[in-house]
Each structure stands twice: as structure tokens, then as C-alpha cells.
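Chain IDs A, B, C and D follow the sequence of writing; residue 1 opens each chain.
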Amino acid sequence: MSIQIAEQPKITMDVFEQWESEVRSYCRSFPTVFSRAKNARMWDTAGNEYIDFFAGAGSLNYGHNNDKIKQKLVEYILEDGVTHSLDMATVAKGRLLESFVHHILKPRNMNYKVMFPGPTGTNSVESALKLARKITGRETVISFTNGFHGMTLGSLAVTGNKFKRQGAGVPLHHTVSMPFCKYHGDEADTIAYIEKYLEDSGSGLSLPAAMIIETVQGEGGVNVASDSWLRKLSELCKRFEILLIVDDIQVGCGRTGTFFSFEKAGIEPDIICLSKSIGGYGLPLALTLFKPELDIWEPGEHNGTFRGNNLGFVAATEAINYWKDSEFEQSIQHKGQWIEETMQQIKDAYPQIEMEVRGRGMMRGIAFTEAEWAEKLCRTCFENGLIMETAGTDSEVAKVMPALTIEAELLQNGLNILKDCARQLFTKAQ
Amino acid sequence: MSIQIAEQPKITMDVFEQWESEVRSYCRSFPTVFSRAKNARMWDTAGNEYIDFFAGAGSLNYGHNNDKIKQKLVEYILEDGVTHSLDMATVAKGRLLESFVHHILKPRNMNYKVMFPGPTGTNSVESALKLARKITGRETVISFTNGFHGMTLGSLAVTGNKFKRQGAGVPLHHTVSMPFCKYHGDEADTIAYIEKYLEDSGSGLSLPAAMIIETVQGEGGVNVASDSWLRKLSELCKRFEILLIVDDIQVGCGRTGTFFSFEKAGIEPDIICLSKSIGGYGLPLALTLFKPELDIWEPGEHNGTFRGNNLGFVAATEAINYWKDSEFEQSIQHKGQWIEETMQQIKDAYPQIEMEVRGRGMMRGIAFTEAEWAEKLCRTCFENGLIMETAGTDSEVAKVMPALTIEAELLQNGLNILKDCARQLFTKAQ
Amino acid sequence: MSIQIAEQPKITMDVFEQWESEVRSYCRSFPTVFSRAKNARMWDTAGNEYIDFFAGAGSLNYGHNNDKIKQKLVEYILEDGVTHSLDMATVAKGRLLESFVHHILKPRNMNYKVMFPGPTGTNSVESALKLARKITGRETVISFTNGFHGMTLGSLAVTGNKFKRQGAGVPLHHTVSMPFCKYHGDEADTIAYIEKYLEDSGSGLSLPAAMIIETVQGEGGVNVASDSWLRKLSELCKRFEILLIVDDIQVGCGRTGTFFSFEKAGIEPDIICLSKSIGGYGLPLALTLFKPELDIWEPGEHNGTFRGNNLGFVAATEAINYWKDSEFEQSIQHKGQWIEETMQQIKDAYPQIEMEVRGRGMMRGIAFTEAEWAEKLCRTCFENGLIMETAGTDSEVAKVMPALTIEAELLQNGLNILKDCARQLFTKAQ
Amino acid sequence: MSIQIAEQPKITMDVFEQWESEVRSYCRSFPTVFSRAKNARMWDTAGNEYIDFFAGAGSLNYGHNNDKIKQKLVEYILEDGVTHSLDMATVAKGRLLESFVHHILKPRNMNYKVMFPGPTGTNSVESALKLARKITGRETVISFTNGFHGMTLGSLAVTGNKFKRQGAGVPLHHTVSMPFCKYHGDEADTIAYIEKYLEDSGSGLSLPAAMIIETVQGEGGVNVASDSWLRKLSELCKRFEILLIVDDIQVGCGRTGTFFSFEKAGIEPDIICLSKSIGGYGLPLALTLFKPELDIWEPGEHNGTFRGNNLGFVAATEAINYWKDSEFEQSIQHKGQWIEETMQQIKDAYPQIEMEVRGRGMMRGIAFTEAEWAEKLCRTCFENGLIMETAGTDSEVAKVMPALTIEAELLQNGLNILKDCARQLFTKAQ
């Protein structure tokens, strides 16, 4: 492995503090300069090694610099395959379409058209909202408490976080925030709540164009919608001819154990947003899927300069090979259970600290009633070589979301660090 | 050069027609499957060669698969440099910051903080609008007739095109569209017009947070704002404490002959949006620049998953080397004049067809009073191996925008095709 | 009594059908031409007499053409007292201010400034919303399911009725509709629901400027907020520094048995809207009351041509005399109970028809599970000489709201008609 | 004439300062308590007499307490004619409809349906905007610089005044403010300006539902739209199928010399708003007129409690008698010229003070380049027994708008006071 990068004048945190905007954020939680990465490991310029339980906020399901994908990328670059193509037809794009249709959609009996809306999650969400409004001729979209869908104005309007919303600098319109599964406690039937608003013509709610939902709210605090809740929501949408948009940007591409997060619930969304790990290698890419009969776009009605990021196409095509048999799915389930058991052990070991273990597949979290524990735990983990982020509006959840491809031993090592750090912190607290 | 791609089952236009959404657009104008590209040349799967006067809508100023950049990219990938990093500090990002500051900003006496707002132009525009509204506590933003700034709701609200705006499916708010330079003819002083609205407290216009402008409107029809108009606009902004945002996404990075498009006018924008060619190799990347005193962001107040696209950082860093001396600038000026002269010759040769030659640097266009000529001309060019797109609301402008690095001979060949096609079409029309 | 009006060519329903807009509505439910009225009686041009249980939708609490007020009005007109004065100071306006302060506010220990926002309820609501937003610098206002506050855009945005809202022709913004008392059934604690949205910074709800509420929803279906619910709501507002606006336009001025509808609950709204019966004689008048410390208006920041309707001032001043002792209050309570008992008897007599008796004071309603019964009942009553309207989004409530001054005998006659019509209808239904 | 009012404890300005909101405004310009009024004269409690050149901001075209109308009102009240009727059919309403159709519309060959939208100007404007949006299915409405249409949110959004707009406390949407006649100077063709925005699909302007215009802007500064400008505007609306709404609330009912202000221009608005003097006696009343084919309202889609103000109907019906022959029109023209000549004399007498004489019919104004002169002039006039208000965004216009029925001698006296006060002020200024 070359060490050429290190030969140049050294990059330190000063560079970022001096020249980059105050808006920077993760570099404050993980204050070191990273140079290399492989699968679930990262190294900084000082040579320290970290286990990565963060995985690019869900963009690195196949790990950092996955060797199989890497090979395809380098070959493609060396051959001078088209890199940037807007939405012209290219071989790389065609291959991705074919592969996605034949290895992802068809085996799941899913019939969807594929749109390339621009290479980020928020592009996909914006395109989904536009399409839903165009199809129905309605303006309102129902979003859910603690949902997160992106930072451009259309996506931000369906995002719950007050701090992010205020950043808009303008009031956010045409959306209504309804309670997510169990938002008002285990007893309250939030589906019935929404139904009443839809049924009653005096409720103040216009018939919405769409509902947009994450089946597991990643940023919102690892909140899991139950399968039955999702099914009822889907039925409600059907009954009122409201389009159902599933934002699978963070929890799709295998994160919950199946390619799409809603497979277990057995629902059929009208529109699906994909990004993050769809790009395979951490490269910017996003797809919007919708049922063929909904494809009423005019040519160019939505567009974007980088919707033809061919390196992303190449990487995505290779990544799809992980889904050709069921082995990958099984390993996710297995590892996910492992994480959950560890978290449960932590919870059981310190009954005086109020915790709740949440999540599905390989997205798991410990929610703390006293929010600050989550941040303390993540900070301690980082000091011990484990990268983890918090989630939830008050950063009250310590979230574990490693590469799906993480080696068993490394996962064990990481979980051990987590347990050790918990012990270190919570024993003192007793 | 390997031919492995061609060995797989062949990708045809059918793949796109069957699986991709109707929203696809450029693949309708250029209906062939492209496989390889180099500098200003592209090849399709049938082996046809095309000269590219389109350059990824301005994303490929340094050409397709620029060899210098390519080498750095491959090295970086082979070394397992961090690919995806959100906004964590990485060596690649640090290098880009240093290079951008030392080789672009400092030589121009520009003091700006750098924000990575997400990897597309619309991310940059959305971040600029948010920041301007946050700083001023005002909501309204003035945009300009025929301006184009992006397709997410915030950017779309400052975009003039009716078709694109209607795609929003909701009314677009908090913006007012004012007349661009010469919008009401050469005589009408549109600055005075705007001034009157600002001065008169009965005009119905709220004091805006910002004005957002392209110095040359690329999508809008290659409309050039004069230097004096830009200076007056800048003074108007200063007088009323309105922030001036220059969207240099398409016309920055050298397109007009200088790195920033506004250098000749001598104005100092408060906020600058960069994307497209800033990524060097056609890779998704965007920057938002603002004066240090405007950097009042809270950490994480705007974010995005792919704001840490390190391949983009590596490519951008290498591309900046083109700006280390004045040679590159001179060659752009030179080639730009060449294009303009050719267009002028075409105009002069067919006086019965009403044309206007427009543009600056290497973005030039022929505007036709009868709009359909532009499309016919571009179509004929494509049939003759030259890729060109139309611009303007009614697609009334045939736009020439090759890689800045295009070889002189190839530029000549392309211009010859353009002249030949014009002759073919316009002679018949006489 | 003169019969001069009848001597002119006769006015028939044709006049209205031919010249008046299709928007006309009550004249369809009560299709006859009315000529004279006195207290709770109306006569049409054919000489038919009607008992009026509708009272101008709550504007005629003191009856039609109340003799005491009538005398003052005629005197004032004959003396050429100022009739129209914008917001110049007039004797008539001064007298009203003094009387209102000394006989209404002071005895209730209420300290409020008085604003004349224009002579209709919607003017008062619009002024209240403006003031609340100005004071807090916030935009969102919480309204309640099935609330009704008026038909101009600001008021309509806080109104629940979908049909009315769609009439706006534009999306209605800056408001959120929260569940009214018992909206989700007797068990669901809607206060806790709202509280959760306010507490959780991920709920998608911005901190609102105000909540606007009717303590009994008149148009919305005679829905009564319980005293404890109102107190909790008031506490919630205090805790989050949200202004509480009580819209007492329909249920104020004695309708519920006390001058203000919220006296029993013991809450202290920040802003109070009054109109309808405040004008005493059915004359256009509205007041907005607010605590002195909230009076941060600039002169003329809200205005209106007819805010100085002096005939309204004269009538209102005289009407206030009804409140100088407790006798009037007692009679309302008494009559109200009487109405309720009659309704309860109807309900008990026809167990096969699902009914619910609702209301407070002299606003009472029978809500039918099968909505059409309400309209049938009101139609039958009208055919039998009793004027009553329906309420509720689906017109599912038969509402009784006579003049508070109705003679005991006439009230009895009216209630007898109601019972007879119910018998006529519901016996058939068995 | 009785003096009973004066016998009660005296009303002083203290009452208003103590109890009325700070929002009060005209009582600050005219700080005295008025008790009686007749035609163009008012008296205060101290017995001072004032000549009224203000006429209730245009609501008293037939003078204060017009004797003919007064007689009808008193008769109606004494007979117990229905006072308040919502939109039930009453004899008084039927008479007004007949009279308005036969004596106003038919002689002018106008075929319009009549809507009673609630009793104030802003109710009429809100109903007009709703209807235009409903008919066209479009949201945007074009309003004009310095237009004034009311203070509820819908009307405020088409009002130009920044101070009033800011009072909304929320951004005002769905409207675009275009330049009024001569807004950019005598040379600039503002019709061409608007046309360009409508023609160019890149202008950023959506096709609007309607344009709303005052032919003479009363509050905006007595700005007169020329007949040819109005005709061109009307043609533009026809060409683009945009509805033309004329707000004749202040300048209708004879103010400009004809019943409708647009008669001279010969245009045919699609929708007309009337209020202020339509009520005859200064009583709250408003009408919305529209062509029969536009009457697509659903019953009750717009409503209001006081849309059945029968005293207003009675007064309005009697006032219409003024229009049965041409004598009244001629007297307005004559008096209007008289006012204009006086103003011209003032302008000519003090060349060192920059003035412009503006207006039509009996709405005239002197606009001062140095705004403060207008206020000084009005204040001095008031001190000398003449009531006049300022107009214009900066209160730069001294406006004269007496009752159309003002006695010739009194008009002369008032104009003499105006001349004297001008002399007093402007001579000193030399």
C-alpha cells in the first residue's frame, strides 16, 4: 500500500477550523483527520485505527472501499468509461438498470419504473413529492413526527426536527406532521387518530397527495414502525387514494435485513426513495421508484446535473451481486441479533439507568431517558477507538449501524468496546 | 485499452425506454448509448465518435476523463483513501481546502469561508438562500427573469422557467422575479426599475434578504449581464443591505475566461455558489463560499450525506492546478473569440434568418427569433457527429460550450460541422 | 304599525333567484320573503308568523328590534348624532367604551384594552391573529378541529371546514389544526396530545404564536369544551408562552349563561374576539379585547372603514344594561335548562334514532348519528312555523339558539313545535 | 333638535386614551370628540363646527345623515322591518336588488349578478379573489404598486403598503405587485412591462387568476390610471384569459363623476367590488358584482354574519335615487373642476414648493415632493375648521374628498380655508 498521501505537508484540524464553515459538524464529534479506510475500519493520519459503527450514516452498507466494487471502479476509470453523462444513455447506466430490475425488483415481484433524480437523498425525496402532487393535483403531504427526509426546502418541510426546520429561514408549507407509530405511547392508536382527521371534513386537514414515511426512523431516534401499523397505514392510504411514499434512503439496501425495509410488513409503496448505500461504494447516487402507471412525468420536468454519475452506476451494479442469493440477508439478521443481545445485556446490567433497546436488523440503538448518557457513551467509545453517532431529537439514542459486511471478529471487538465503555460510565453513576 | 464492457450483453436504448422513467430527457435528443469519452470526444457502442460541445452542461470544463486527474483518482482509490466521510476531516478534503484557498481565493484577494453543502448545485443554492435568510431575518429573495438555480423547492422558487416551476406541484413562495439586464430592451434601465420598488414603501415588495443572480444565464438563453449592470446591482444591494448571491455553478470555474465569472465586473458577492466543474472530473461536488463575517451557521444546521465525496475532493484539487498561472485563462479567451467569430460568420451569411450572437468566454450561443431553428440546428449537428444543446425558455438558442481543454484542431472541426450544418439548413430556407 | 312597505310592488323569491348570486344560502332553507320581526318572531310578506330559534346565527341575543334599543337608535338618528366616524372620537363611541368597561369588564375583574377592528367577526379574528403574531414574532397559530372563525383568508386558515377552506382557492398556511376536547373520544386526552407536540422538538410543530378556540363550537356542531379541558389548555399556553385567543363571537354576550363563555371555566384569555350580539340590535359591530401589556399596535396598523359604526355603538351601549344585575343571567340558565330537558325527552322517546344532546346555556343541539335527520327535522320545523338551523360539518346537528329575551310562552310554543315535528318524523321511522 | 346627549356626563378624549387600543389613528389627527353631523358639516362636544372634506374616507358621498335617507331609515325602524337577516330574503333586500339592477346596471347596459359578501370592503375583495381563483383554478393575483384593498389577509396580500403588510405577521403569498400607470415615470410603458412577463414563459410569473385594480388609487396617493392604460390592461386580461377585478370601493358610487369609476374608460370588468358609499348613510354594506357566467359559487361557499344588514339595504335603495337622472353626475363634475382649479391656483402661487395636482371628479389631491407639507397643511386646515386627510405611502398627498352633496357655498368656504392655510404655511416657507 502506497504512503504517498502522508508524504505531502500534513493536514491537521487547523485547516478545517480556519477555512471551513462553522456549519461543519461530525468533525467536531470525531476530531481527527482520517486518511484511509477499509470495510469497517478507518485510520487517521496519526496511525490510529478505529472500528466504524457509523458507516457513513448508512451509506456504507458494503463497507469502506469494498474490494470487489473497487476493482470494477478502477477498471471502468482506466477504460475511460463515460464518467459524467447527465441523463444520456450510457453502458454503465444500462447495466445498472438491468441488474436492479432483474436481481432486486423481479425476485420480489415488484414492478416499478426507475428515475435518477440527482445523486442525493434529498433529490429523491423532492422528486417523489413533486410527482405525488402532480399525480393527485393536491398540495398537502403528511409526514410523521421525528421523520427526517432531507435539507432542501421540499424535503425539509416533511422533516420534523425543529432546529433543522428553523434553518429554512422561511415558514415551511403544504405539509402536516402526524404522529408516528407509538408516538403517544403504546396504547394510543395513532392510525385511528389520522383516520379521524381524514374522515372528518371539519378536521382542518385537506385530503393529502401523499404520506411519506421511514419504516425505521434513523435520524429520529431508531423508532421502529410495527408491521401491523405499516399495513394499516397502507390501507388508509388506499382507502383515501393517498399515495404512500417510503423513504428507504437510510434503512433500505439491506440495513433491516431485507433489501427493502418494508418487505417484512408486506406493503407495496407507490413511490420509493433510495440513496445512501445504493451507490455501493459511498458514491453519490439516488433512485426514485414508482409504479409504472404513476410515471406521468414530462421529459425534463425534474432534472439535475449529476443524475448521471456513472462511477455510482458501476459501483451500484457490482453491489447488487450481494443480493443474488439469501446468504447476505441471513448474515445481517444474525449480526443484528448479536448487536441487540449486547445492548440488552447493557440495559439489564445497569437497571438504575433508564434505557430502551430499539431497532431492526443492523440498525440498533439504546435510548436513554436522560439524554446526555447517549452522547457520553459515544464520546467514550470514540476515545476507545469505536465510531458511533447519536440519534434522536435530543441526541438521546446511541446508535449502532456498522457495515453489513463487517467481519464477525471486528463486530465482536466493537461490541466489546461498547460494553466496556458502558461499564466505565454507568458503574460510576451508581 | 480493454474492451471488456462490450463483451457483456449489449445495452441498447430499449433498456432505458423500458425501465427508466419518462422524465429522462437528454437521451431523447442524443439517442444513442455512449460507452467511452476523452476530453471533448465521446464514443457510442456502435463505435461512432462525437465531438462534445456540451460538456456535461458545464460540468466538464476540464474535459472527459482528464488524464492528470484520472491518475490522482486511481492512485487514491488504490490506496484506499477515505471515499465517503460525511463532514469528517479527511486528508483529501484538507488538501482541497488548502489548494482552493491558496491558488484560487488568495491570488484574487478574496476572503471567504468554504462550506460543503451537499454535492450538487441545488444543494449549494439552498444553503445560500438559507444562510441569507438567517443572517437578515428576512424572507423574500429577488431572483431574475430567466434565471435557473435548481430543481429542489428552494432553488426552484428562484428559477424563472414556468414548466419547471409548475413541476413543483405547490405554489412557490418568498421570492420575487425582477427583470434581468436588458429584459425590457436595450433602452430600459432595469436597475432603476428595481430601485424604485426598493425605495417606495408602497411598492408591495418587502425588503429582501438577498438577490441571486447568474452573470451569464446559461439555461436561460446565454443572456449576458453587462459589467456596469452588475456593478449597479451590487451597489443597490449594498445600499439596501441586501446580500448578493452569485450563482457561478455553470459559468464559474473558467467558463467565461476567468475562474469566477464576476472578476471582470469587479464585484464582490457576499455569497458564491459553485458546483458542476468544481468537481474536476464530472464528479458530484459543490461549494458555497461566503464572507467570514456571514458564517453564523450553527453546527449541522444544513447538512447532507454526500457532502464528503472524497473522490470529488481529489479531482477538484488536481483541477485547481490549471489556475496556477495565466496560460489557461488566455487559451479560454482565445478559443472563445474563435467560437464567437464563427457564429458571427454564420449570422452574417444568412441575413434572412434573424439571429443574435451571445455569450462570453467559451459559453456562446446563437439566438434565433424563430425558435425552432435552434433545435433543428442542434439536431442536424448531432447527426453529423457534434453534440450541442439548446438553451432559453423556448429552446431558441443553439449553445456552444465545449471543454475548456478542447484541442484546437477538434474545436475547429466542431465549428466546421456547425458551419456546414447551418449552411445545409439555412440555404434551403432562402 | 304602518304597512307602507307592503304597498309597493311585491318582492318575491324571483328577485333573488334572478339577481342574487348562487352563493346565497339561508334563503334556500327558509324560502320566503321576510318583512317584519319582533323579539323572537318573524313575519313574511304572506303574513305568516314564525318563531325564531335561530336568532341571526347568534347576533340577536336581545331579540329582533328590541324596543329599548330601538328607542335609543331612533333618538340618535333623529338628533343627527354622528353615524359614520372611522375611528374618530365620538360621543356614542365614548359612551360604549365607558359602559363596557364599567358594566362588563370591571365587575368581572377584567383589565383589557378595547380595539374596534372593523364591524364583523372575521375582522376581529384577523386583528387578533395579527396582534398575536406581532407580539410573539412567531407565525404558526393552533386552531382546533371543527372550529369556525370566519371567511377572510386569515380567519379561514384557522377554520376547520373543508368546503369553506377549499373556497379560498389557495393553500391556507401558518396554522395547525389540533384536536378539540373529546375529538378522539371521551377517553383520549387531547391536551396530552398537544403537549407532546409542543414538548418534542422533533414533532414538526413550530412554537405557535397563539391558540384560538371557541369554548362551544357553534358552527362546528355545538361541541362543548369542558371547563377542566379549558383550564388545562390555558395552563399549556402559559407554560409555553403561547397567547390564548378566545373567539366569543357566537357564544359570548350571554349565550352560555354568562356574558363571556369562559367565565365558568375561570380562565383569562390573552385576547378575546367579540361580534354578533355585541351590536345589540343585529347591527355590524366587533370588538377585540386584549390585556393592556399586549397593546403594542402602531397607530393604523390595522384599520377598516366601518370600524366607527355609531348606530352599533348606541345599540350596544343600551344592550349592556341587561347585564347590570344577575336577573338576565338567571333567566338564560333557566331557559337553557328548559331547552335541554325538551331535547332529552325527544332523545329518550325515540331510542331507535341515535341522538346526542349537546350544548350550554341557550345554545343547544341534538346531534344525529344519521346526519340527514337534522336537516329533515329543521325543514319540518320550518314548515310548521319554527326557524332552526343545522350545525356541524355534515349538518348533523339540529341547533336551538333563540333570543335570550324570548318570552317564556313563545319558547314553550317553539319547543312544542320541535317535539311535534320530532314525533311526526321519528314515529314514521320506527 | 334634542340636546339630550350633552346632558349625560361628558365624553372627553381621556376615555379613548384610557380604554381604546393604541391602534386608533384618525382620532389622533382630529383630536376632538364629535357629537353631531349633517351633510358636509360636523360638530364637536365643545360646539365647534367643521367642514368635512374627508367624508368618512369616501363612505359619505351622500353626506352625513342625509335627510331623505334618514326618513326612510326611521320609518323602517319604527315599522320593525327586519334588521338582521343573514342572507334570508327580506323585502328591504329585494327592493335594493331591484333598484340597483334597474337604476344602476341596466341604464349602463351592465349585466352582473349581485353578491352580498359581508358588509365591508375587505369582505368584497376577499370574495372577489376567491371567486377568481375558483373560476380559473389559478392562484396568483396581480395587484399594483400603491394599491390598497383591505386589511384581512387575502386583501392585504394585494395591498402595496409595507407598513400595513408587515402588520400581517406572516409572509403574504400568491400575489405579484406590478407597476401602476406611470409608476416608472411618464415615459415607461408599464403595460408593455406586464405583457413581457405574461408572454415570456421564463419570467418567473405564473399565469394569474386575476388582476385587481383601483382606477384611481385613493389611499395610495390619488394616482389616476389613464383611460387608455385601463383599456390596454383590460385587453391584456382578455388576451391571457385573466379576470379583471375593479375595486371601486372608494372611487365608485359617483366619486369620479360617474357611478362607476371605469365608465369613462369604457372597460367591462369581470368582477366589481363596491362598499363604502354604497351603504348610502355610512352604514356597513358591500356588494360584489360579476358577470352571470362567472357565478359558479356553491351555496354558502363564502358567507358572513352581517351580509344581511337591512338598514344598509334601506339606505342604499334610497341613495340610488340620486342616479335616476344626470343632474347629480353633472354637479359632481362641476364641483370637481372647482376643487381642481383651487388646487392649481395654490400650486401656481408657490412655485418654490414642488407640488402636483392629481385626481378625478371629487377626489383631488396636492402631492408634495417634500412629504411633510401635506401633513402640515392638513393639520393647519383642521385647526381652522376643515377636516382633510393625507394619502400616499409617505402621507405626501393632501386629499380633498367632500360629500358629493356638499352645498356650493360650503365647498367654497372649505376651499377658501384650504387656500388661506396654504398661504399661511407656504409664504413663511419662502
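Rule of thumb we're sticking to: a residue touches a chain if its C-beta (ideal position, glycine included) is under 8 Å from a C-beta of that chain, and two chains touch if they have at least 3 such contacts.
This one's a predicted model, so the numbers in the text were calculated from it and none came from an experiment.
Undergrad: Between chain B and chain C, which partner chains are common?
TA: Common neighbours, chain B/chain C: A, D.
Undergrad: Consider the two chain pairs A-D and C-D; indicate the one with the greater count of contacting C-beta pairs.
TA: C-D
Undergrad: So which chain is the furthest away from chain A, centre to centre on CA atoms?
TA: Farthest from chain A by mean C-alpha position: D.
Undergrad: How many angstrom lie between the centres of chain C and chain D, each centre taken as the mean Cα position?
TA: The mean C-alpha positions of chain C and chain D differ by 30 Å.
Undergrad: Please work out the Cα centroid separation of chain B and chain D, and write it as a whole number of Å.
TA: The separation of the two C-alpha centroids amounts to 51 Å.
Undergrad: Taking each chain's centre as the mean of its CA atoms, how far is chain A from chain D in angstrom?
TA: Each chain reduced to its C-alpha mean, chain A and chain D end up 59 Å apart.
Undergrad: Please set out, as single numbers or ranges, the residues of chain B touching at least two other chains.
TA: 139, 163, 170-171, 173-174
Undergrad: Write out the stretch or stretches of chain C touching chain B in their complex.
TA: Against chain B, chain C makes touches at 170-171.
Undergrad: Give the list of chain B residues in touch with chain D in this complex.
TA: 139-140, 143-147, 159-163, 165-166, 171, 173-177, 179, 183-184, 188, 192-193, 196-197, 200-206, 220-221, 392-394
Undergrad: Which part of chain C faces chain D closely enough to touch in the complex?
TA: 1-2, 4-5, 8, 11-13, 15-16, 19-28, 30-38, 42, 45, 56-60, 64-65, 70, 73-91, 93-95, 97-98, 101, 113-116, 118-123, 126-127, 129-130, 132-134, 139, 150-155, 157, 163-164, 167-170, 173-174, 209, 275-276, 281-284, 288, 290, 295-306, 309, 311
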